[in-house]
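Two complexes come next, and they have one chain in common, subunit A, joined by subunit B in the first and subunit C in the second.
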Partner chain A sequence: MGRLFAVEIVYRGIFQKTLAKNISRAIVLAAHCEGKPGISFGRYGDSPERNGIPAKSFAIVATDDLTLEEGMAKYEPKEVDISIAVDDTLCKGVESWAWYGLQPINRLTKPGGTLIVTSREQPETLIPMCHRKEYPYQLAIVKGIPSFSGLWVYKDDHTDVRILGAIARLLPELFGLESVQKAIMQEWQDPVKASSAARSYERITSVTVRPEQGNPEEPYKFELPKWWEMGEGIAIPGIAPGHTMQDPESQKSGGYQPARNPTFKKFTTRTMRPVVNFDTCIKCTLCWLQCPDSCFDVTPEGLYDANMEACCGCGVCEAVCPVKDCVTMVNEIAFQDNASQWEMWRKDKPVYQAWLKEKIEHRPERSHGFRYRGQYEEQVPEMMEIAREDGA
Partner chain B sequence: MATLTDVQPIPKLDPFKGVKKLPLEEFFTSGHRTCQGCESALVMKMMAKAAGPRTIVLGSTGCMYVANTTYYSTSWVIPWMHTQLGSSGSAALGTSAALKALMRKGKMKNEPINVIAFCGDGGGADMGLSAISATLTHPDYNCLILMYDNESYANTDIQLSGSTPYGAHTTFSPPGKMKRIMHHRWKKNMAGMLAAGHPTCRYIATMCMSYALQGMNCVRKALSIGGPTFIHSLDPCPKGWDYDPYLSHEMGELAVTTGVWPLYEVEEGVVKLYGKTKEIAEGRYKRGQVREYLLKQGRFAHFKDEDIDYFQSKVDEMWEKWLIPGVIPFRKEVEADSPAAR
Partner chain C sequence: MTQAALEIKDAETTALITGSEAIAVACKLADVDVITAYPIRPYDTVMQYVAKLVANGELDCEYIVAESEHSQFEIVKHASAAGARVFCGSSGVGWMYAFEALTVTPALRIPMVAMVGNRALDDPGAFGVEHNDALAVRDLGWQLVWVDNAQEALDTALIAYRVAEDRRVFLPCAISCDGAFLTHSQALVKIPSSEKVNAFLPRYDRGDLLLHPDNPITVAPQANEDWLMEIRRQTAAAMERSYTVIREVYRDFERIFGRSYGNPFFEEYETEDADIVLVGMGTLSIPVKVAIRQMRKEGKKVGFVRMRWFRPFAAEELAKSLGRFAAVGIIDRDFSLGAPYLSGVLATEVRAAMYPSAKRPPIPGFICGLGGREVTVPDVVKMSDIVYEAADGKAQPLTQWIGLRE
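Up next, the complex of A and B:
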């Protein structure tokens, strides 16, 4: 038997759909250039995709047809040579359409395999975000702002080919740089893209992540009832009514916290989170009212605390808030937990204000795709600049 | 002999007086797998809040079925049941009739229970039109059919529907190199059509949840007026319209302020424009240019100036030439041509 290669691309639904398709397709095309057959496909269970909800594509390549067939007999690979996360906030784990519970980003990464992440961060930031594994693996970072566009307009900032170049360096048995460049020319007829791949090939480095490194938390999971265990007419229980909240300091109760769907939390969809300045809040209700995910808990004093288990980071609260700097969206990278901001504020207001200031000041910019025509043309040069500086 | 209409109690739902007086309770809660910034999920939340706890919701296939109730998972606090794509009308009528029968036979307490069936634009404006129409002709059953219109078959990745606006990029209408506009049909005028075609239907309205209070009060009126009612809600869709989700609220406002989406109610046969639409009609608010609405959306990114101009001219026509601006697309000349009928 020959050798089977498997690569998974974990991406943000819709925002990075075209990017993920470009990468998985080009992996197979580059492998074809070396006479290796392969197939690229999106995970069926992730479809229909939703904005931001993590999804997956796979590229499966083999040294011969029979090995490929054997590999394809499995619905999806049980382990992969390379896991690619095209957005660094995915390192916190993913709760996808096709899965209940939280999956570590490196779950399928083989012993000694590589996790490639698109990020502006250093390994010291990303490693603690990824769940621990029992064996060592490699982490490689393709420097850049995670590339987000939408369903119809693609932001061609060369993230796709830079990842291809990195793969050629990290897994030379799969394909070499020459094949990558040949595939790029066939696919896009763009010599600039080919040289972006080469630059990434030259500069990519990786570090070893040891078993004692990473997030020690046990990812939450659910045991779902089987279909024969459901009620008559395939009925399931509804969500319970909500309840009042209790102030941790004064023990006063009031306000309202809705009960929430226990089997899907949605927070791994988030790439930015709202931070709330409770001291400037005028209790206008708009964030609470306009949140499509009902994520705001109403506190006993009538403030609105964005619940970080339920918030998916759409940013509508920031958009509708009439107060300047009351609700601010901050890159999810800056946070380690889903703790209540209101409780932190109730405990110690000056400490909270300092925390808030620090989070807002140190946020790397992010965006969620299309805002106006011409925006991508403005953003691409910045990305190309980061690509040029990468490793320099 | 009592008529059947007397048997079914109608809930009393006064309009909400302001955002600060809204009930805190949620009857559609967190944990649905919709897109970030999904305005249709927001409509579900507001609709349930407006209707209150004594409500049964029926949902046609679409985003609000698939995303909200994946395997063994739900975000509904109130009872919810799936119904087929084209059958929101039949499901609403059937449920209302069943409640009525159970109450008449004394098998259920005689009390007002709201019945709401929702459908998307694919399930409503395309597939479910005949069932909705049939339901609206039955004056004896209290039920609301709410069409959440995200202007495409969004659940299955944005195929063109009868509600998709002119020229929009969808999976079925990708702009090409030779031909730029692959969709040249104008959006179906659902609420106007249903209002004109169902003279005994007591309440039909359009809404947009960017104007939450007005929208919720439409729902409350529709549920408490008696008989079958219909609401057409325009829901900006970050996935299919291709815009940054934080713009969801603004996109709904723009649809209204540029005049693309007129807000109106037809109550007991009387047309009333409301909100910003009313202000525009009365000259108190200057209608915006559609350009500022269109160019924030990736689905119109291929538009050239001539396409924007055409779009603008069609919206202008709706405001300047329609018999009732934004509602009934007949020309005023008709009135002048046929005085004999009076």
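Up next, the complex of A and C:
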């Protein structure tokens, strides 16, 4: 048997669907330039037509047709040579329609394999977000703003070819730079894209992530029941009603926290999170009413605390809040946990205000590519600039 | 049809009613809670009789005329999930328009009882009977039963509720009544007392599957390939159990009402000493029986097997019975174009049922009586002659169209 290569591209539904498809297609085309057969496909059980929901594409390549069939006989690869996260906030884990519970971004990365992330952050920021693995693997960062666009438009900021160039460097057995450039010329007829790939090839570096590094949390585990153990009639227990909240300082009970599905949290869909200024909140209830996912816990004193286990980061609360700068959406990469903002505020208001100020002032710009009119047009040249320099 | 004839007194009465009215009377006796309707002939006769019962204050139920068959079946599906005993029905392309609702009903384990007034599928627009409408759901988890007279229609409707609502089953059941021959002709029917019906038919208890604020459940969430096979297997197990429950229920029916249907799954007529038999479903039994009596006078020992329950299909029992004869002719009042040997649905299924059997007589198939065309006595004689030839080993096509102008 020859050698089988597998690459997964983890991306965000709608915004990066075309990007992921372009990358997995180009991987197969570049390998084909070296006579290797391959296939490219999206994970069928995913729902990539939903805003921001984590989803996957795969590229499977082999040294010969029979070996390729070994790869095609599986629904999807059980391990991959390279995992690609085209958005750095995916490092916190992924919960898609196709999987159960939150799963590590590096779940399929094989021993010694590579996780490629597009990010402006440093390894020190990303490594603690990724779940720990039992064995070492490589982390390589392709510098840049995570490339987001719509379902029908494609933001040609060279993220696709820069990742291809990085792959040629990190896994030369799959294909060389020459093949990447040949495939780019075939697909896009764009010599500028070909040179972006070359620059990425020259400059990409990787660091080793050791087993003791990373998020120590155990990923969600479960066993699928046998058919006769399951309840009949496709009926499952509903979510129980909620309960009151307790003030961490006064121990007073009150308010209301809805019960939520403990195994389907949705927060990995989030790329931005709301931060709330409880000192200026006028308790108008609008955020609580309008949040499409019932994320707001009502505190004993009648404030509204966005629950970060449940929030998918849609930004509706920011849009409806009538008080200026009371709710602000901040890039998810700036946070390490899902702790309650209200509890932090209750414990020490000045500390909380300082924290809030820091988060808002230093927020790394983040959007779905169209947070304000013209932002999309601004970002492409910015990315081209990064591509030319490529982190140098 | 007079009002008096429909009235149900405590003691058993006799009334001159159609097969459709008999089903409506069964709804009254079963004290059905929610009934939905949408007109299409011949099913619409049932909805008219039900409407009359409701209007006369004889039946206390929610009677909803939906805007289409799809909604008609969806409404009762939801009502049944919320604990209501329901009735519904349609015919021909109306039944097909409800198809999405029909597919989801078994998997959700909804014990809906429906009447299919069998009708040819358009085009051309035609009212006459064909069995393709009801047969279209044969793979989905619907229990399917065919009846051939109004009394059997009434009795089978009561039996259908008892079987469908048995917790071991919880599957929908469709009662097929041939358009015109059964839905539009009146016969004398014994109507049992409601005391007896109550003794036979307990309340519908949905138990832990009840959709109610006190029992918060989510019904029919999205599921991927990790769950579907197990869900299908559960529905399959329910259909397997239905076979046993049907036997129990017919025994109970006999005990309480003092009338017996013998083997619930198929009726045998003049089979004891028969050389060959014909097999069919629905009201074509009547010309077949008449022809058999005539042929027996001429010394041709022909018998008849009338299939009642098509789902579940009593394969082993049927194979055992049919293995006794020199040849078996299957009359299909349906078609399955391009099917093995170009046969109808029943012939294909009977052959499949016979395959593991040690005794496998020749099984010629006939397509007959489509679109409500009369199945005549000479047609039956002709089919019997062909079956005799098959018994003698004469080579012939496995499917022949009978009563066709050619």
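Here is the rule we go by: the second predicted complex is superposed on the first by the 368 of 392 C-alpha atoms of A that agree within 3 Å, B and C clash if a C-alpha of one lies under 4 Å from a C-alpha of the other, contacts with A are read in each partner's own complex, and residues count from 1 in each chain.
To be clear about the criterion, a residue touches a chain if its C-beta (ideal position, glycine included) is under 8 Å from a C-beta of that chain, and two chains touch if they have at least 3 such contacts.
Quantities reported herein were computed from a predicted structural model and do not represent experimental measurements.
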item: Contacts of A:49 with subunit B and subunit C, given as first, second, both or neither; value: first
item: Winner by number of subunit A residues touched, once subunit B and subunit C are compared; value: B
item: Contacts of A:324 with subunit B and subunit C, given as first, second, both or neither; value: neither
item: Which superposed partner A:373 touches (first subunit B, second subunit C, both, neither); value: first
item: Touching partner for A:97 - first (subunit B), second (subunit C), both, neither; value: both
item: Which of subunit B and subunit C A:314 touches, first, second, both or neither; value: first
item: First (subunit B), second (subunit C), both or neither touched by A:230; value: both
item: Partner chain(s) touched by A:240 [first = subunit B, second = subunit C, both, neither]; value: both
item: Set intersection of subunit A contacts, subunit C complex versus subunit B complex; value: 97, 224-225, 230, 236, 238-240
item: Sites on subunit A touched by subunit B in the complex; value: 13-14, 47-53, 97, 100, 150-153, 224-225, 230, 236, 238-242, 255-256, 258-266, 269, 283-286, 289-295, 298, 307, 310, 312-316, 318-320, 329, 367-373
item: Subunit A to subunit C touching residues, read off their complex; value: 45, 75, 97-98, 224-228, 230-240
item: Contacting residues of subunit C [partner subunit A, same complex]; value: 107-109, 170, 208-209, 216-227, 229-231, 233-234, 237-238
item: Interface residues, subunit B side, partner subunit A - complex; value: 19-20, 22, 24-26, 28-39, 41-42, 45, 53, 66-67, 70-80, 155-158, 169, 212, 238-240, 242-250, 295-299, 301
